[in-house]
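Here the chain labels run A, B, C and D in written order, and each chain numbers its own residues starting at 1.
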Amino acid sequence: MSPASRYTYLGPEGTFTEAALRTLPEAATRELVPMVSVPAALDAVRNGEAAAALVPIENSVEGGVTATLDELASGRPLMIYREVLLPIAFALLVRPGTSIESVKTVTGHPVAQPQVRQWMAKHLPDALWESAASNADGARLVQEGRYDAAFAGEFAAATYGLDPLVTDIHDADNAATRFVLVGRPARPAAATGADKTSVVFWLRDDHPGALLEVLQEFASRGVNMMRIESRPTGEGIGRYCFSVDCEGHLQQRRVGDVLMGLKRACEKVRYLGSYPRADGGRATERPGTTDTEFVEAADWLTRCLDGRG
Amino acid sequence: MSPASRYTYLGPEGTFTEAALRTLPEAATRELVPMVSVPAALDAVRNGEAAAALVPIENSVEGGVTATLDELASGRPLMIYREVLLPIAFALLVRPGTSIESVKTVTGHPVAQPQVRQWMAKHLPDALWESAASNADGARLVQEGRYDAAFAGEFAAATYGLDPLVTDIHDADNAATRFVLVGRPARPAAATGADKTSVVFWLRDDHPGALLEVLQEFASRGVNMMRIESRPTGEGIGRYCFSVDCEGHLQQRRVGDVLMGLKRACEKVRYLGSYPRADGGRATERPGTTDTEFVEAADWLTRCLDGRG
Amino acid sequence: MSPASRYTYLGPEGTFTEAALRTLPEAATRELVPMVSVPAALDAVRNGEAAAALVPIENSVEGGVTATLDELASGRPLMIYREVLLPIAFALLVRPGTSIESVKTVTGHPVAQPQVRQWMAKHLPDALWESAASNADGARLVQEGRYDAAFAGEFAAATYGLDPLVTDIHDADNAATRFVLVGRPARPAAATGADKTSVVFWLRDDHPGALLEVLQEFASRGVNMMRIESRPTGEGIGRYCFSVDCEGHLQQRRVGDVLMGLKRACEKVRYLGSYPRADGGRATERPGTTDTEFVEAADWLTRCLDGRG
Amino acid sequence: MSPASRYTYLGPEGTFTEAALRTLPEAATRELVPMVSVPAALDAVRNGEAAAALVPIENSVEGGVTATLDELASGRPLMIYREVLLPIAFALLVRPGTSIESVKTVTGHPVAQPQVRQWMAKHLPDALWESAASNADGARLVQEGRYDAAFAGEFAAATYGLDPLVTDIHDADNAATRFVLVGRPARPAAATGADKTSVVFWLRDDHPGALLEVLQEFASRGVNMMRIESRPTGEGIGRYCFSVDCEGHLQQRRVGDVLMGLKRACEKVRYLGSYPRADGGRATERPGTTDTEFVEAADWLTRCLDGRG
């Protein structure tokens, strides 16, 4: 297939990221290529070897989240076009015939461990945990006989000839992982009415209240922040950039006004895209923040400048 | 003369307002008409009977200040085109031959009293004060023999055949009265680099923090407020509008942006004009608030919308 | 009577201030003494010649409001113990036998004029207005035959042998004047649950956002401001102090916390008292601002300092 | 040795965490026990099996940072008593005799990769990267001959019989990892004048501006935030807690006041300790925020309550 029909993702095969990618209808007609790391998956897009990449961005059970944030914030610009939410639910994969009583060693991705810790304390109190390079890799190690069981997605069982001994394991209710489909920059898709906008910004300095002033840009236009994460910039302890998702689409006036405010107030801003919300939620509009009111205010300003205010 | 060359002012003749008006070079070629009240002076402008009116707006020694604020906030719109600062300095006017020892009764405008109170306590501790309708009217009452002395502007002495027994009387150093030249709405004069913008706004509701949110519109663009006064709207105790002067000219992007913000956030906004500062002071520009940065941010937004961010 | 049973008020007799004073039950057993000005009324209290003074503080129809604000902000400290609300309603007082058609000249206090302006335009379009020193003084001038009618309180008619030709005149619905009963500083009366606290503060400097920071002290504790007025400090144009009423009583933790915040943030603060609200309204308590929550937070801090957080 | 003299740390031996721990003078007299994970290191402290644990908390080159944040935010309370800063500098470890030209495969901890990516692109453009479970584990795999080279601390070379072929490798200048020494809750050490306070809080709800209001608690007392990170609470996408370091010590009034403010404003707050800053930096004190001014404000409030304001 041509690069235009190729999607990369954080591999290996059999991981939650692949499962998330397959929830996209278009995935059926694309060549899906697992990559060894988030940077590798995204560089393939940057280099034109793939049209898009699916990578985890929030609360991952397989790592890569900070790598995703850092890759989107640096290097050649990329944009987010879609998000996918996948409920967190592990299966305990074993070789056929293994009983839970005989499970003495367990493996899985390091970031999976905190997600199943309470379940293990209750059901496998004496089992020894050792980390694997990925959830899928853990399954492979069970197949090879090096561990008795692996936490992985139920969908990985078949690939490695294993059985899902227990399914739907997760310590926290409602836990989910969020993935994003990333491509090269282009005009964002039209607003659907239930959209989300992502942006990363670097504060101009770190005087007390610098972050506060920037967050004020969102609050003053009634634009709700849905996620905020700080990331070290690599320029030393205490130097951060902030990755933010907010409600709304860049084509909405209040969102555009927030972004212009960030552009003026910050050392640097990178727009990461506007795309449909996976949860379908719609923002409530605070009085004074509708497109109509923005247009009316601009018209009024023009009249004032003309002496017809 | 035609109405186009007529200026009204808060009379009567011989008041500080007239003195302030005569500091304007153009006053020499205008017909100057004293009016009985601020509303009367402004209504003459509204009705086309005069081109402009000079009225006190701040720290007046002759009253009329709240009347000015209320008139500018209601009725047919007017605009401020010029401001005049006049240092406060009273003269003690007496009939020729009167010595300070023989001054037993003193008059003047009620709002003059607090401005000369300490001086009186020291130099005329036993004299009785009674209010007159205006400082000039007080001078007339002295001329008629009803009082021994009047506080008024030194310039009023000649008009009423009086002598300035003591001059330059003022309890507070640096005290001044501010007057504004008001006309019918038109395109504001071009920015001079040292300008001031006046606006009045009505809060949408009175939840805790409503005023705070509106003031944030100024602060977030680094636009310094130079004056803020609350005025009852006449709709009952606890209902206010706010009259604000801020640094800068409507033609500056940050000032225009503040006004659009007020327009969206407030129940109502009335733009009262942008005009040169009498003190010639220039605003310091906070990083991120120059016209250049506003234009760059708008350009960047356009590029983001086009997928070229 | 002794000074302890004497109340002064802004005179002369027959004004709205006297009417407001007489609404207080205790007034029946006090000697009520009219004074020529707000400073005079308050100085009698400062000097121990009277126990308290009633003066207008908001939306006055007889002036004295700015004098009250300025007097409370400067000179020897005073405190507010009570407030009185009086609906604004003028009567048109005439000599017996006068018909409305024969009224050609009208008088009253200058600040009364804007309150009856629309009524006059409709019912006395051709009558000439001239200002009097007070509403009561206007009535006296009608009695003497110098004017045909005076706007004053209906209660002033009998004093001057006049008839109330029209009553309940007021341009704005719901308009009222607010008066305060002022005494020497003492422990404020216990909280009633529907209280108001008054304070005046001077900003430390005038950097952009200085006022904003101070107002934040109120907003961050959910304490609603009911009135804010700026007053020139007399140290030159552009130098202000702010007079604020807020909901609640100093004995409430959130109000005390706001005042401590003002004390730290401002150049100067003057506490003007906590007293029952004339409208009986109770403040809504925002989560996190009750006395219980303040005490719990202080207890928690103590535990943290002890290593038992 | 007894648990009281035992310190755990995020192992295995030969990692940067061990190197950081050994910078503490007291480490020389303690039993240092490597643990397989941050939770394991901290649980040993919780269970009384160790006196303290050293774990990475910021910008780690070995992972564990989010685990540290999450462990400090949940489970049985712990407190931070010390911080250690370690500059990031990798060595390329090889078997003796290996030249850089012969390095075809490289390993290391996954989070090390982004830290050396640019260096690899320049000096080892064709080498293949594969992740190891830890930097030390990577060294072991080189020792076993499975890879040609490993990125790890130079100090790990001897342990695994390897040579540091290149040292001081780091893409970003000034990059460092921050570690914290964590113990069971106790009274924090006395303020040194150059201290830092850590806290984690959960917002009461997610209305627009909720985070802003909480950050205002810091800004309004002039307390500078040095780090802010959001962490999912595990209750679903979009639910966060915030981990914050700020300047100052809990024994300083302004810091205590901020924490009481957080306690009232937030759903939940956990105090994580006050401890000396590794960088020795001292906070600048904004006017109005010194201990003296806090005490004076409290005294003034007491006087106001007593009628002696």
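Criterion: contacts are C-beta pairs under 8 Å (C-beta built on N, C-alpha and C of every residue); 3 or more make two chains touch, one makes a residue touch a chain.
Model, not experiment: these values are computed from the prediction.
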Starting at chain B, fewest touch steps before arriving at chain C: 1
Residue-number overlap at the chain A/chain B interface, same or different (half cut): same
Centroid spacing, where centroids are CA-atom means, of chain A and chain D in whole angstrom: 24
Chain A-chain C separation of Cα centroids, rounded to whole Å: 58
Where chain A and chain B are represented by their mean Cα positions, the distance between them in whole Å: 57
Residues within chain C bordering two or more other chains: 216
Chains that touch, pairwise: A-B, A-D, B-C, C-D
Contact set on chain A toward chain B in their complex: 77, 79, 185-188, 204, 213, 216-217, 220, 250-251, 256, 259-261, 263-265, 269-271, 287-289, 293-294, 296-298, 300-301, 304-309
Contact footprint of chain A on chain D as seen in their complex: 36-37, 39, 58-59, 63, 66-67, 70, 85, 110-111, 113-114, 117, 129-131, 133, 171-176, 178, 206-209, 211-212, 215-216, 218-219, 222-230, 232, 234-238, 240, 279, 286
